[in-house]
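Here come two complexes built around subunit A, the first alongside subunit B, the second alongside subunit C.
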Partner chain A sequence: MEHKRITVFLAIIWGVVAILPLFFGSTNFIMHILIMCLIWSVVASCWDLIMGFAGIFSFGQVAFFVIGSYSSAIISARLGVPPVFSVFIAGIFTAGLGVLVGLPCLKLKGAYIALVTFAVHMILEPVLKGDIGRALGTGGARGILTIAPMNIFGYTFTSSDPIPYFYLLFLVAVVCSVIILMVIKSHWGTAFLALKDAEEFASCLGVSAFKYKLMVFALTSFLTGMIGGFYAHYVGMLSTRMLGIDLFVTLMIILVIGGVGKFPGAVIGAFITIAVNEMLSPLGSYRPIILGGLVVVLVLALPDGITGLFEKMFSEKKQGLSH
Partner chain B sequence: MFIEIIDVIISGLINGSVYALMAVGLTLIYGVSKAFNFAYGSFYSMGGYIAFLLFGISFFNNYLIVFCLAAPVLLIFGFFIEKLLVAPLRKRDDWEVKVMMITLGLALFLDNSYQVVFGARMKSLPSILEGSFEMGEFILSYQDVVIFIFSLGGILIFRWFLNNTRTGMSVRAVAQNPAGAQIVGIPKEFVFAATFAISTVMVGMGGILLAQKYFITPAGGWDILVKAWVITAFGGMGSIKGGLYAAFIVGMLEAFVGWYFGMTWTLIALFAVLLTTLAVRPQGLMGKWG
Partner chain C sequence: MLKLTNVTKKFGELTAVNSLSFTVSKGQVFGIAGPNGAGKSTLYNLISGLYPFEGAISFNGKEIAGLSPHQIAKLGISRTFQIPQIFPSLSVEKSIGVGNHFGSREGFEQDYVDKVLEFVNLHDKRHAMVGQLNLLDKKMIMIGAALATKPEVLMLDEPMAGSNAKEIIQLMELIQRINRDLGVTIIIIEHFMKVLTELTEKLLIIETGTEICCGDPVEVTGDPRVIECYLGDGT
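Now for the complex of A and B:
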């Protein structure tokens, strides 16, 4: 998609989301879902940046999210850092880990990268539950049960009054998407595309795979870790249940619905998926079956996601006009 | 102490043999069609559940009959999954990601269907052969011996199939050069579906064999998927020989780490070894790029 159209598209999405509390503001339950939508839209956009644009099959996005949320909770509880700063420290910490994970991935290809990054996801649970985790303050299998709520200049955001927190996260999500948009627009984005399409040729032309791949790892894990921190301070408790396969697949559905490598698609996908997921919750144990079936059907029927559908509509219109 | 070490070695060998059977299946699909199957673990559970269903019917209460009935079911299932879900995606540029996504969705669908149909509780299969061989403190159950023999037998049959039958040879041809194979008239699409089906049978058989020792649970396949994945990457994706060596190394490593440090450390040790190997040899033990 053209950059201009992405920008317009993004502006429309955020404009609509900004006025949603006018309609749903009185229902805390719906506001809670909207906050979750904002959080997952950031995580999914980051995943889209690394997988769709940079072409790196990173499967560690949920792991980075969990690392960010745990580290922010631990930093604010143990060191007494206010949550406003601890989320950024958590982001930086996660970015460091992201670079560490990215280093072995530089030499690897395709499914190997998926394995190494997924390995982080798999190891995280025993580490958080085990002795190392308990020494750091993860609370072992029980998790962290009390996390200080977000607090800016003496104002405390509580989950009983979600509208202020919604707008705080809205701001964060908008900033994140603008950063991602700028990355895609800049020479970074071009370099990513070049490396994805023809790595050898691109590096012959002087595009450093080393630099750009590490950068994308650092950036996406920073944003993911930071939003993980915001999540931790919002829900107030953490456990390793987040590392279950359900959340991972939900995130993947977001990308499938939004379209891989179609940037604002991940944002739309997040809102649709999380809302549908909540609507299906009365179905109980049938819900994951439906979600799984949905992924299968959607990948086959809508391979480029909703954004792909829009693009098709626009290009057909253009063709119709030129005739 | 000495007896304990022998026990550990034997359990490593037995697990290694079953891992080999399953890793060879995964590496086969990747080697031939470059597709990565995330639902592989669910196929493992499927083997266990099919056997569980068949054992429920008293007429089929025999492992030989169960194997003979489960194999064709799995074969047909795998064939159609490839034809219906994976084959239509192959035309696309980014089909590798799409295949990963669709199989992940399939895994979620299958795992939760098991949970709804069979319940979340563990299911067990009867032991294939009762009794054990005892010599002083040293005990070797016949069940383990049979599992070992069946797994090795499965791999040998598979090897014979690849080297001696026409379908097997066309599978190897497609793995070496898909375009060239098509030029000489090998039906590429059929070979892709056939390898997928064969790998489904292999992992399903592994599921039946291991279910007597480790129970069947709806989400139990994930562990197997991760292990088979680690083994294939360790041995080199697409390299069957590498997968075989890697399976026994991983089986041994797991047994020794589990015995010495405790079971929680096995996964961590596994990934540590894998990362070190990949850092030195990004293509795995015996893999080739391309």
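Now for the complex of A and C:
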């Protein structure tokens, strides 16, 4: 999609999201869902940047989210750092780990990167639950039960009053999506796409695969870790249940619905997936089956997701106008 | 300008390049030929830093062994690939811009990208997505992107492969213009002997990674060892 069109598309999406509390502000349950949509939109957009644009099949996104959330909770509780700063420290810490995970991935391709990054996901749960985790303050299998709420200039954001937290996270999500948009528009984005399409040729044209691959690992894990911190201070408690397959599959569905490599598709995908998932909750155990079926239908009908459909509509309209 | 000394590359038991030594002078068009599997493309992969090797390769007096491909590109050695490697996610202009932005020592210059687009005759297709173009255009994009790095040496890997007679003439003219007008030293791997005898000043023939002979293209193509290498000894 052209950069100008992405910018307009993104502005429309965030414009619509900004006024949603006018309609749903009185219902805490719906506001909670909208807040979760904002959080997952950032995580999914980061995953889209590393996988869809840079072509790195990283399956460590949920792990980085959990690392960020635990880090911020521990830093604020143990070191007394205010949550407004601990989320950024958690982001930096997660970025460091992201680079460490990214280093061995530089020598690997495709499915092997997926295996290495998913291994990080798999080992995280025993680490958080085990002796190392308990020593660090993860609470072991019990998790962290009390996390200080976000406090900025003396104002405390609590989950019982979700509208202020919605707008705080709205601001964070908008900033994150603008950062991602700027990266895509810049020479970083061009380098990511060139390396994804033809790595050897791109390297022989002067693109440093080492530099740009590590950059994308650092950036996406920073933003994911930071938003994980905001999540921790919003929900007030953490456990390793987040590392279950549910969240991982939900994020995948978000990307499939939005369109892989079709930013800002991940933002739309997050709102649709989380909303549909909640609407299907009365179906109980049938919910995953219905959701899975919907995904299969969507993949077959819209292989490039909803954003791909919009692109097609725009290009057909443009062709129609030119004839 | 570019000097290879006893360059060897082994893949396990297989010796793909066997103690090759040759020198390419500034401004020269240097040809490399040999049967399939002779190690020609492997040789390019060694010079461009894609594979490690034994021996020494120096460029303008600087040893380039151990440098990564992007560092070698920045030094002034650029290349194309036998099977067009293109960027389907990018437009023609952006694809060529990749070479200029990342490979040129002088940084990105839109004027130079425009000049390259004109040079490879793609200015009318600058906004087209690369994946939509035909084979000749894709080859032109590869050559254009490599040229956009402002190379001193351009290594072309079988640029005529899959081209018809008219396209071969177009490509030959382009290669001559790159060498003559831009002053770029050319190394070309090719199977078409007519192309090599017309374009090159010096021709190296290799078989199973070993030099058969090297010298004036007309003399080399008439050498019995080269004829035997291509046609067998007749027994």
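Criterion: the second predicted complex is superposed on the first by the 323 of 323 C-alpha atoms of A that agree within 3 Å, B and C clash if a C-alpha of one lies under 4 Å from a C-alpha of the other, contacts with A are read in each partner's own complex, and residues count from 1 in each chain.
Please note the rule applied: a contact is a pair of C-beta atoms (placed from the backbone, for glycine too) under 8 Å apart; a residue touches a chain by one contact, two chains touch by 3 or more.
The structure displayed is predicted, hence computed values, not measured ones.
Of the two partner chains, subunit B is the only one that A:114 touches; subunit C does not reach it. After overlaying the two complexes on the shared chain, residue contacts for A:256 are found with subunit B alone; subunit C is out of touch.
Contacts of A:200 after superposition: subunit C is touched, whereas subunit B is not reached. Looking at the shared chain after the overlay, A:191 reaches subunit C, while subunit B stays out of its contact range. Touched residues of subunit A, counted separately for subunit B and subunit C, are more numerous for B.
Subunit A residues in contact with subunit B (one complex) as well as with subunit C (other complex) are 261. Subunit A makes touch with subunit B in their complex at residues 51, 57, 104, 107-112, 114-116, 118-119, 122-123, 126-127, 130, 245-246, 249, 252-253, 255-256, 260-261, 285-286, 288-289, 291-296, 299-300, 303.
Interface of subunit A with subunit C (complex): residues 187, 190-191, 193-194, 196-198, 200-210, 261.
Across the complex, subunit B meets subunit A through its residues 30, 36, 85, 88-89, 92, 94, 96-98, 100-102, 104-113, 115-116, 219, 222, 226, 229-230, 233, 237, 264-265, 267-268, 271, 274-275, 278-279, 282, 284, 289.
Contact residues on subunit C toward subunit A in their complex (touch as defined above): 48-50, 68-70, 72-74, 78-79, 81, 85-90, 94-95, 97-99, 101-104, 108, 142, 145-146, 148-149.
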